[in-house]
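Going in written order, the chains are labelled A, B, C and D, and every chain counts its residues from 1.
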Amino acid sequence: MIPGPIEYEPNVLNAMSQPTISHTSKEFIFIFKEALEKLLKVFDAKNALPFILSGSGTLAMEIGTVNFIKRDSKVLVINTGYFGDRFVDLFSRFTKNIDVYRPPLGYAADPVEVQERVRKNEYDLVTVTHVDTSTGIRNDVKRIANYFKDLDTVLVVDGVCSIGGEEFHMDWGVDVAFTASQKALGVPPGLAVGVVGPKAMKIMEKNPPLSFFSDLRKWQNVFKNMLDLKPGYFGTPNVNLITALNVSLTYILNEGMEKRIKRHEIIGESFRAAIKELGLEMLPKESFANTLSVQYLPEGVKQENFLSDAERYGTVFAGGLIPEIKERYFRIGHMGSVSSSEVMISIGAIERALKKNGYNLKLGSGLAAAQEILSKYDFGIPF
Amino acid sequence: MIPGPIEYEPNVLNAMSQPTISHTSKEFIFIFKEALEKLLKVFDAKNALPFILSGSGTLAMEIGTVNFIKRDSKVLVINTGYFGDRFVDLFSRFTKNIDVYRPPLGYAADPVEVQERVRKNEYDLVTVTHVDTSTGIRNDVKRIANYFKDLDTVLVVDGVCSIGGEEFHMDWGVDVAFTASQKALGVPPGLAVGVVGPKAMKIMEKNPPLSFFSDLRKWQNVFKNMLDLKPGYFGTPNVNLITALNVSLTYILNEGMEKRIKRHEIIGESFRAAIKELGLEMLPKESFANTLSVQYLPEGVKQENFLSDAERYGTVFAGGLIPEIKERYFRIGHMGSVSSSEVMISIGAIERALKKNGYNLKLGSGLAAAQEILSKYDFGIPF
Amino acid sequence: MIPGPIEYEPNVLNAMSQPTISHTSKEFIFIFKEALEKLLKVFDAKNALPFILSGSGTLAMEIGTVNFIKRDSKVLVINTGYFGDRFVDLFSRFTKNIDVYRPPLGYAADPVEVQERVRKNEYDLVTVTHVDTSTGIRNDVKRIANYFKDLDTVLVVDGVCSIGGEEFHMDWGVDVAFTASQKALGVPPGLAVGVVGPKAMKIMEKNPPLSFFSDLRKWQNVFKNMLDLKPGYFGTPNVNLITALNVSLTYILNEGMEKRIKRHEIIGESFRAAIKELGLEMLPKESFANTLSVQYLPEGVKQENFLSDAERYGTVFAGGLIPEIKERYFRIGHMGSVSSSEVMISIGAIERALKKNGYNLKLGSGLAAAQEILSKYDFGIPF
Amino acid sequence: MIPGPIEYEPNVLNAMSQPTISHTSKEFIFIFKEALEKLLKVFDAKNALPFILSGSGTLAMEIGTVNFIKRDSKVLVINTGYFGDRFVDLFSRFTKNIDVYRPPLGYAADPVEVQERVRKNEYDLVTVTHVDTSTGIRNDVKRIANYFKDLDTVLVVDGVCSIGGEEFHMDWGVDVAFTASQKALGVPPGLAVGVVGPKAMKIMEKNPPLSFFSDLRKWQNVFKNMLDLKPGYFGTPNVNLITALNVSLTYILNEGMEKRIKRHEIIGESFRAAIKELGLEMLPKESFANTLSVQYLPEGVKQENFLSDAERYGTVFAGGLIPEIKERYFRIGHMGSVSSSEVMISIGAIERALKKNGYNLKLGSGLAAAQEILSKYDFGIPF
């Protein structure tokens, strides 16, 4: 139950161990084409270039930004946690003109504030983290993006912890969005994936390349070829993982994006109801993500002991990522093929681990609160 | 959560898909030898012949009995459910002298009553079902077996739903015991396994064979050879399943039989506490098995709807097997690598499915009762 | 390259490691139905009952015979090798009236001789081994069976080493035929499969059962139910192996029986051409099987050394099975998904292993002979 | 039989489909540590930093160079094929000072010539492709590297098609070397791996970073931590592929590097003997790689038809990569767990496909030539 790598469908894992077929075979090209097309549907993107590269979310951040700036471009980072800091680090290699908008800890970015900053400064590119894995805060990308539709500024959405679990549409006004395979797409880690809209594509064509492996000018023909069922090569693709991704995207689209988002909402609500009932404080003050829950431990409960007890009781949770407070909170990932079963297991383990560590609670009370939510929605299994 | 096939460890399933090696190769003979030796430990058997055949529990019943009778031998079936009836059917092909001791529904066999019947009749063979999968009743094999130590009568224990989950020792006085791979041994269905003690072996040598594939006179050299790392052949063994069995037996013995039995006790107790708290009546009046829980549905709850809702909520339970009442009760299997997670998931689904079907209950109350038990024992994960 | 277990398609092995689904689930019943229907096509059977049981070829021999005799029925065994002897052993448990027709070693049964023996004696049942795995001789089942169409005698064909690789049609006059999963059906060992025609079914209904697990009176409703997509139970089926069988049967029928038989013919011919060119003597004098090749080792070549060298060179062959000469010959299995690749590997290893053991040969000459055959047919891959 | 992705050991593929464990778990850190340590042994590296990143050979080229140059550093590319051109493309993003030494097609770089060029120019960095996958030429890295021991110039060896199959030692004078998982390391594509020696590490510390995801300044603490069994994070590692790599490296080191290199030599020699016997011309005039064979097609044989026939006959070969002649030659990869079986299959298919396409040859003659080599060495299976 950590916020990625998550648990996978058996057929996704099975796809991982198929004998690797040639990356230039018709069979693989067909799989690659399918995966790219399905990706466009999951991102709800039209007239956009999808990309799938061997890498991780960290590489996706590079691909999603470096292709759309020049040396010393002016950029704004909307920073609601650990991965905002990382954008600053990334940009520091390519430009000196980096602005940062950092709302107080626990709060999402104010769309009005973003609008004002963007109006005042002619940014070449702005990044926003849809759901920051370190805080569980979900930014209001819909309202933020709306303002970019008429601008030349490229809006980049880091969807690593949201795409596939939270509502998302490229036509909100997003120019570039990306995620990594091991999050809500339900595939083992090893792929950086995303889409690039037409405005960003045009800007890319005008800029000279700042990088090599992440240079989409090189890769775009590979992806366009694959979509036309033709071979293409810039680097050997991760055949097994792309095959697994294709299987997982099939499950995702079979469930349907609307039902899938709703499912994540109910699961998120169940977790929050249980956590509140148990008397724990959430890290976000508002704007809660539905893909993970982030909450403080009660006074006196030592994180290390709590996490190791919970693990013994059957569930692995993640510690904190925000340096100053990383030992005071813990994170529960609930994205992908998550169901009511994971709510029961997790809240059950949390109750027993808290009690074991001296916290005074009524066993079963968190579970009862979660049951009320799950029962209200008549919640069934995802697949 | 049906009473077999159960859920398996990933490495057990992985062993299933290894390229099949030659059944006469040194590598496979070594695996076969290991599996046979570990089986003796799980049955706690000394000076006994272990057996592993392609088949099912139904074949195990034949192997475990037909080798130790003559045409028209006198046999007694201790019948506490569906699988007692099956013994009668089996024996009817080979003998006309079949007695049946059938305690009232919901009750285990009375060891004193067994003793009296055995004293009065010179039975060649007596069968007892340790845990009857159809009722969840556990017979007191320890007390029953004790009386057979000094008799020529062969005591056969059907351990299909107990071995690997309930306490069992051949030296209680048991002559033959068996189970099937898909129950508490944690391997997909396809193997009939068991052990034959010295008394039964001697009797087998004296009797002419009544069958062919199940004839242990033919198979015993195969198993003895394997234990000596020599090839042996009477039928091609199920290479992949035996490899998987060997992996699973390693997990079982690594956990340790004592800890494993204790774990099944705690899980069984948790389930019974929750079921009682929810106001459901158990089918057994006493002598509850720890490997499965069998309970009546509340008045007015239709089994078909309940089972299908529970399945939608993530858990598959089994209906009844006793013909007259099969639609009035349901069965929860909890054997093998079962942990507190399965308790949470199952009770959670039961609560919501009962409520959905009009039963008046306090959501979370069953879970709370189970949590109290699990918390008391500081229950950790099995592996 | 032993005559079973053979090498399997990756997707067949993958099916083996799927999490085991409930044997009463709709999903599994559908798979079971499909496997049964495809089996009828592979056996080219109409109005026949297909069967799939956990077991092995040895159990298939019991199922295929014991259901169609009474105590002390009169039977004839057409014995062309090891598995003929086994039929005699099997029948000895149920009847004293066993006749044996044993052609000289290396020769197939003479259909005329069979006809005469059957005319003179009113046999209840006659068995013939289509291809005897111990000798590589293929009996002319077509001509033999023709004579049984008008008789009450049940003709049982042991198709363990032929069905799926040699031409076979139930309407030749065959009443019962069977094989095991690990032979030309391309699935790991653990299943006994076959079909029973209408004449045999009628006879079965009249006879009292002589056995239990192999009693088709019990199983027939299970298979009939599955074919109607209804649940049925007599013993827990081998869920994973049946799923794998269904995948393999799909490959087989996708290739098409005619093409598949032709492929086995070409492969068989290639092997025989190479073996002849290398100066080795085949065990059969005529009537060569296409599913395996059986040949004597040259004088002075020790079987143990030859087999272990060949294994080091990458190929496992099987030794002999006929007791008197078992160390003088070796067997090459070439059935299932076998292709020209296996011919190249095997003949290559044989050449080098023979040379290593002092046999005087021209390296490459066997390969050249095989190439001529393969090239003549423009032989492509099976799937 | 393409030059990567190659065929994998079943246990390597099995490792791919294990449920993904947390990348911060003790279990995974232990696996990561083991893989890093084994990598050092395969590269025969001491006092060096090993690296494993999600990516491909293309990323490995970036990691292996960009970390050791400054903007507008002076670099030399020793260009013996397609991947030399790629280095030029890579460097063009970071520097204008690129020299290229391109020997005539079919010839390896002359070490004396390299020495002279390096003496005359104070290069910051020189790259050499050990085996160029496009030509099958192996450069004499040992002699080339010797000269760099006393220089400040960083020597980077692209070992993508050599490491794990050709002799290689970092102490020849190599500063940086790398490969990709899908080549002679025997793991599906998706990992860029390599080692960085002390001289290169020092230079890296002095240079400001030019890139982000490939920045070893960021990653080095991750790898150092893992080697100390401590967690570390810059991007989520490819858990499943690293687990598979660890399994494959175990096989490699169990075989032993010396035996493994010798095996590749014999296989390479067998292929070249067969190709010569069949009258085909190799692309390299000298300095043949042992990991792949590259040869021209005979006049009149159309590549497209030849490759598709060979594929139908069971073997996939690769076409050319050098633009001007790419349709006139084909490539056979023979690295990793390759054995005599692959020689037999490949030469067998080549013979038949050439004949099918009108080339006049004696079937079996290439096989005979290969057999002579294999037989001379008494060549056994690798594992």
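Methods note: a contact is a pair of C-beta atoms (placed from the backbone, for glycine too) under 8 Å apart; a residue touches a chain by one contact, two chains touch by 3 or more.
This is a predicted model, so every value here is computed, not measured.
Trainee: Contact counts by the stated rule: is the higher one at A-C or C-D?
Mentor: C-D
Trainee: Using C-alpha centres only, name the chain that sits farthest from chain C.
Mentor: Of all the other chains, the one whose centre lies farthest from chain C is A.
Trainee: Could you state the distance in Å from the CA-based centre of chain B to that of chain C?
Mentor: Chain centres of chain B and chain C, defined by C-alpha means, are spaced 34 Å apart.
Trainee: Taking each chain's centre as the mean of its CA atoms, how far is chain C from chain D in angstrom?
Mentor: 46
Trainee: Chain A to chain C: how many Å between their CA centres?
Mentor: Going by mean C-alpha positions, chain A sits 54 Å from chain C.
Trainee: Any chance you could list the residues of chain A touching two or more other chains?
Mentor: In chain A, the residues touching two or more other chains are 14, 17-19.
Trainee: Could you please specify the touching residues of chain C with respect to chain B in the complex?
Mentor: Touch residues, chain C against chain B: 2, 4-5, 7-8, 13-14, 16-25, 54-59, 61-62, 66, 89-90, 93, 180, 182, 188-191, 209-215, 234-241, 316, 318.
Trainee: Would you mind writing out the residues of chain D in touch with chain C in their complex?
Mentor: These residues of chain D touch chain C: 311-315, 339-341, 343-345, 347-349, 351-352, 355-356, 362-365, 367-369, 371-372, 374-375, 378-381.
Trainee: Please give the residue numbers of chain D that touch chain B in the complex, ascending.
Mentor: 10, 14, 17-19
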